[in-house]
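Listed after this line are the structures, all set down as structure tokens.
Same chain, two partners: subunit A is paired with subunit B first, then with subunit C.
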Partner chain A sequence: MMVGIPRAMLYYRYKELWETFFSKLNIKIRISEETNKKILNDGINFSVDESCLPSKIYMGHVYSLIGKCDYILIPRVVNYGEGNSVCVKFNALYDIVRNTFGNIKILTYNIDMENGCFEKKGFLNMGKVLGKSYLDSIKAYKNAKQAQRTCNRRKADIQNKIMDRKDKLKILIVSHPYNIYDKLIGYPVIQYINKLGGTPVFTDSIDRRQSLAESKDLSKSLYWLYNKELIGSIKLVEDKIDGVILLTAFPCGPDSLVNELIMRKSKKIPTINIICDELQGEAGLQTRIESFMDIIIEKSEKYNCLKRDESDFAAGY
Partner chain B sequence: MNRILQQVISFPHMGNYHVPITNLLNHLFKNHIVLPAPPITKRTLELGSRYSPEFVCVPFKYNLGNYIEALENGANVLIQAGGGCRFGYYAEIQELILRDLGYDFRFIKLFGNKLNYYKLYRLSRTLGSDVSYPQFLYYALLTKKMIEKIDVIEEYIRENIGFETQENSFEHLQEEFLNELIKVNTIKSLNKTYKKYSGLLQSLPADKPGDCLKVGIVGELYTLMEPYSNYFIEKELAKNKIQVSRFITVSFILFEKPRLKKRILKETGGYLEFEIGADGTDSVAKSTMLAKKGYDGIIHIKPFGCTPEVNAMPMLQNIGKDYKIRYFISVLIPRHPRPA
Partner chain C sequence: MRTGFLGLDIGSISTKAVIIDKNNNIIADKYIWTEGNPVNAVKIIIEYFRNRVQDINIISTGTTGSARKLIGVMLNANVVKNEITAHAVGTLSVYPDVKTIFEIGGQDSKLILIDNGIVVDYAMNTLCAAGTGSFLTSQAKRLGIDVEDIGPIALTSDNPTKIAARCTVFAESDLVHKAQIGHKKEDIIAGLCMAVVSNYLNNVGKGKTIKPPIVFQGGVSKNTGVVKAFEKATGEKIVVDANSHLMGALGAAILSKRCASEQPFDFNITDIVFRTEGDECKKCSNNCEIICFYKNDIMVDAWGNRCANGDLMHK
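Our next item is the complex of A and B:
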């Protein structure tokens, strides 16, 4: 028995949870490769033109798994309780895949807490579908939850250490994990920041519960959980970072409005909005990040040591 | 208190629904002025687009344009509703944008799961309404009935206007009907008006062949219902002697859908196992229905980047294939104002 997991969308949020759950149940998993040009092209072919970039990539990943495993894991998420819903794309991914690829076996669980569909219930149900006993699944689920928690804490610890360093420019990348860690969307951005002598700080490594609480300061009526965590995390680490990159995939629905909110309400730190689409040119991206970081260095007095001499430019730095 | 100031209440447009809303607000706020936003023109969209975020959906821009024009006309209380997709977050961002533009106004947001008649009543009291709760309920009922009647009349017009023998006869009658509705005070007089005009409509000469082309329209609610935003697609179709049907109306969304959630999911005929958010589910359900009824074509309208409707597209494509619908088009309402 082999369960395929597309390396896109919610994978980056639930990596440990899924991996531990299946390994505790003695089920092999197959995670699709890192996003590459082929996956992207397949994804574009199998999706509606106007879908957002991450969902196109998702379709590519699903396609790459077809025929290589018995089940493909596609969760459906609607809300995590009242006032904590997610983008409707997550409501529909399951049905979109089903309608696009026809007969493939999909393993799914449904999180719709307002209507009584909890994560635990969904996981137990998955265990049943896979032919495991109730006790085994519940044990695996508990272990998986624990693993996820430990991992999140570890990530937060590492990040806190990075944020305390004073010798490097710290750029907060505000974006969904499926953008930040994607090889085609976020990876080049991270690479450039590192190359230019900065340190990227990731929103998803910041404690989620605290971020959620903080987000209330910026907006009371915002109801997308993932976006609440994003804006909350900006507020939380505002004093420790030097710049914010809002990395948005085109045309993300929630982000289109929430970016506007961030731009208008948080004016303390320099902020730049980078929009990625499938026709992304790398040169343009590099120039934008470079000039953004230069501006921060020029403006702040903290980083006098990082300021470049004119001669650097002359030497073709 | 700042109540001393005269309040001018305004709201954005959608189709002809400004009539029942104006009627309701007139009844609730006798001391205030109710001023619907000026009719949508090219300028509305241009204004809206200028101040909107880059890739927000089109209804946001229309609404924003409406607000700006209403504020220019002196409105100081604006009303916005909310929905399941991005629509629910319109209000906050629009308020931010308008405040940054330097306008002074009060913004009323009508949404949330726990919205009920009593809460609406309390809200109207804080805005300076002096009707009692029973009266409030009566007017709410009147508005509900009025919306239903408008939808029934418009459905008939939509299906027959293409075959009118006298030019513009249907439109004139519809205009008269709406003008009379604004002044309606009781449910009884509403029923009377409705009977009068539905009789008049049915007596209008029309030569409709039995085998005319039938086209159904589904899609995102705002671009469906606001003719300006869909470039008067219904009118254009009717001009070509096509019977046009549309089942997504305000009375469907507000009054029927909440009751029938499970049934709508069943009506999708297996294309959907779960709801796909906002009105995407309806689009699939209604398309299945249209396909089963043997319609010749289905037109799917959506603004650029509307996630629920984009979600619905793979299913709609499958429906088109499975039922062998002759014409299946998806109309995309672009992000930018069209060139003149």
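Our next item is the complex of A and C:
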């Protein structure tokens, strides 16, 4: 028995949870390769034009797994309780895949807390589908939950250490994990930042619960959970970072609204909005990040100089 | 022999170059069309300089513009800088108290906000080139006039026609429509200039606070019609320098001077054969397009690869 997991969308959020759950049940998993041009092109072919880039990439990943495993894991996420809904894409992925590829076996679970579909219930059901006993499934789920928590905490600890360092220019990448860690979307951005002497820090390594609580300061009526976590995380760390990059994949609906909100409400830190699309204009990306880094470097240099010696600075600049 | 610093701004449409002295004074400058061949354009410029500035010893070179990397490798430049920083540095050397820079070039437009002599924010047009130099050029062609004449003609109009210029394609059909129902040519041309400005302020300048003094530069700044339209739209005085088209090159030269690492420049570069070759790396399914740069048939650099596989293939 082999379960295929597309390396896209929610994979980056639930990596540990999924991997531990299946390994505790003695089920082999196969994770699709890192996104490459072939996956992207396949994804574009199997999607409608208006789909967003991450969902096109998702379709490419699903396609790359067909024939290589018994089941493909595609969860359906509708909401995490009242007022915490997610983009309809996560709601639709299961049906889109089923209607596009037809003859594949999909392993799924529902998260629709408003209607009583909780994660635990979904996982127990998956265990049943895979022919495992209730006891085994519940044990595996508990282990998986623990593994995810430990992993999140470890990531947060590492990042907090980086954030406390004074000698680095820290650039917060505000984006969904499926953008940040994707080889075609976020990876080039992170590479440029490193090359230009900055240290990227990531929103998904910041405590989710705290971020969510913090987001209420910026907006009380926002309803996308993932975006609430993003805006809250900026607030949490804004005194420790030097710049914010809002990384969006074209044409993300929630992000287009929320980024505007961020740009208007948080004026303290230099912020840019970078939109990635499937056409990949690398030159534009490079120019934008380079000039953004220049702004931050110059600002911090000036700031340091001012602190050091005002007269010295006037003569030397 | 005096020392000089060379700055080049190799844009999509035109290539600009300046040689400055220690005090940032422009000793020589040149502005030519790139014509899709940046290497050749730069060679023409170097040849032009070779005959004119024999008493100057160029000790460093900086490049900017969309072909900055290619030309940077070709000339062994010690500074390769993005357009935003280069333009800001160039303009600040002439107008130290500038707060806002409008820059409209051949294919992109930028807005740079400056506070206390440092860049604090910027914006660039996205995928769309509507409202840039190439938009004006193509519309001028349609109307049967030279792009240089747009400015003077636009100034003669009292009643600019409103043209929908959100997109070049729509602008074109709207323009034809307005001409067919009897709008005067000069009104349409003035309308085009207004359209460029409103497009710029709505797209690039969206949500930014524009404070005077404002400096307008880039190729389109030579168009008096657009300058007037900007003054009307912002209600502020728009400063256009006599060298407004050279600011990027000037900035690149200044940055290379600040860099303080000497890299003597050899005019014989025009005798060397430079060649680029596109290649597709087949080591993984990304199929990156790799550009190899050859100097006298010896490869000196290659770029465009996403991963280390591409490195091995060529170096």
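Methods note: the second predicted complex is superposed on the first by the 300 of 317 C-alpha atoms of A that agree within 3 Å, B and C clash if a C-alpha of one lies under 4 Å from a C-alpha of the other, contacts with A are read in each partner's own complex, and residues count from 1 in each chain.
One rule holds for everything that comes next: a contact is a pair of C-beta atoms (placed from the backbone, for glycine too) under 8 Å apart; a residue touches a chain by one contact, two chains touch by 3 or more.
All figures in this text were calculated on a predicted structure; none of them were measured in a lab.
Superposition note: with subunit A as the common reference, subunit B and subunit C can be accommodated side by side. Counting residues of subunit A touched by each partner, subunit B versus subunit C, the larger count belongs to B.
Once chain A of one complex is fitted onto chain A of the other, the partner contacts of A:Ile66 are absent, as it touches neither subunit B nor subunit C.
In the overlay built on the shared chain, the residue A:Pro188 is in contact with subunit C alone; subunit B does not reach it.
By the touch criterion stated above, A:Asn36 is placed in contact with subunit C alone, subunit B being left untouched. Once chain A of one complex is fitted onto chain A of the other, the partner contacts of A:Glu290 are limited to subunit C, with no touch recorded for subunit B.
By the touch criterion defined above, A:Arg98 reaches subunit B but does not reach subunit C. Look at A:Arg264: by the touch rule set out above, it reaches both subunit B and subunit C.
In the superposed model, A:Arg76 makes contact with subunit B only, not with subunit C. When both complexes are overlaid on chain A, the residue A:Ile158 reaches neither subunit B nor subunit C.
For the three-chain overlay built from the shared chain A, the minimum Cα spacing from subunit B to subunit C equals 5 Å. Contacts of subunit A with subunit B, set against its contacts with subunit C after fitting on chain A, overlap at residues 264, 275. Contact residues of subunit A toward subunit B in the complex are 48, 50-52, 76, 78, 82, 87-89, 91-92, 94-96, 98-100, 110, 219, 221-224, 250-251, 253-254, 256-261, 264-265, 275. Interface residues of subunit C facing subunit A in the complex, by the touch rule stated above, are 66, 81-85, 117-122, 124, 126-127, 207, 284-287, 306.
Within the complex formed with subunit A, the residues of subunit B that make contact are 53-57, 84-86, 88-93, 96-97, 100, 109, 113, 271-278, 280, 304-305, 307-308, 310-315, 317-318, 332. For subunit A in complex with subunit C, the touching residues are 36-39, 183, 187-188, 263-264, 270, 275, 277, 279, 281, 283-284, 286-288, 290-292, 294-295, 298-299, 302, 317.
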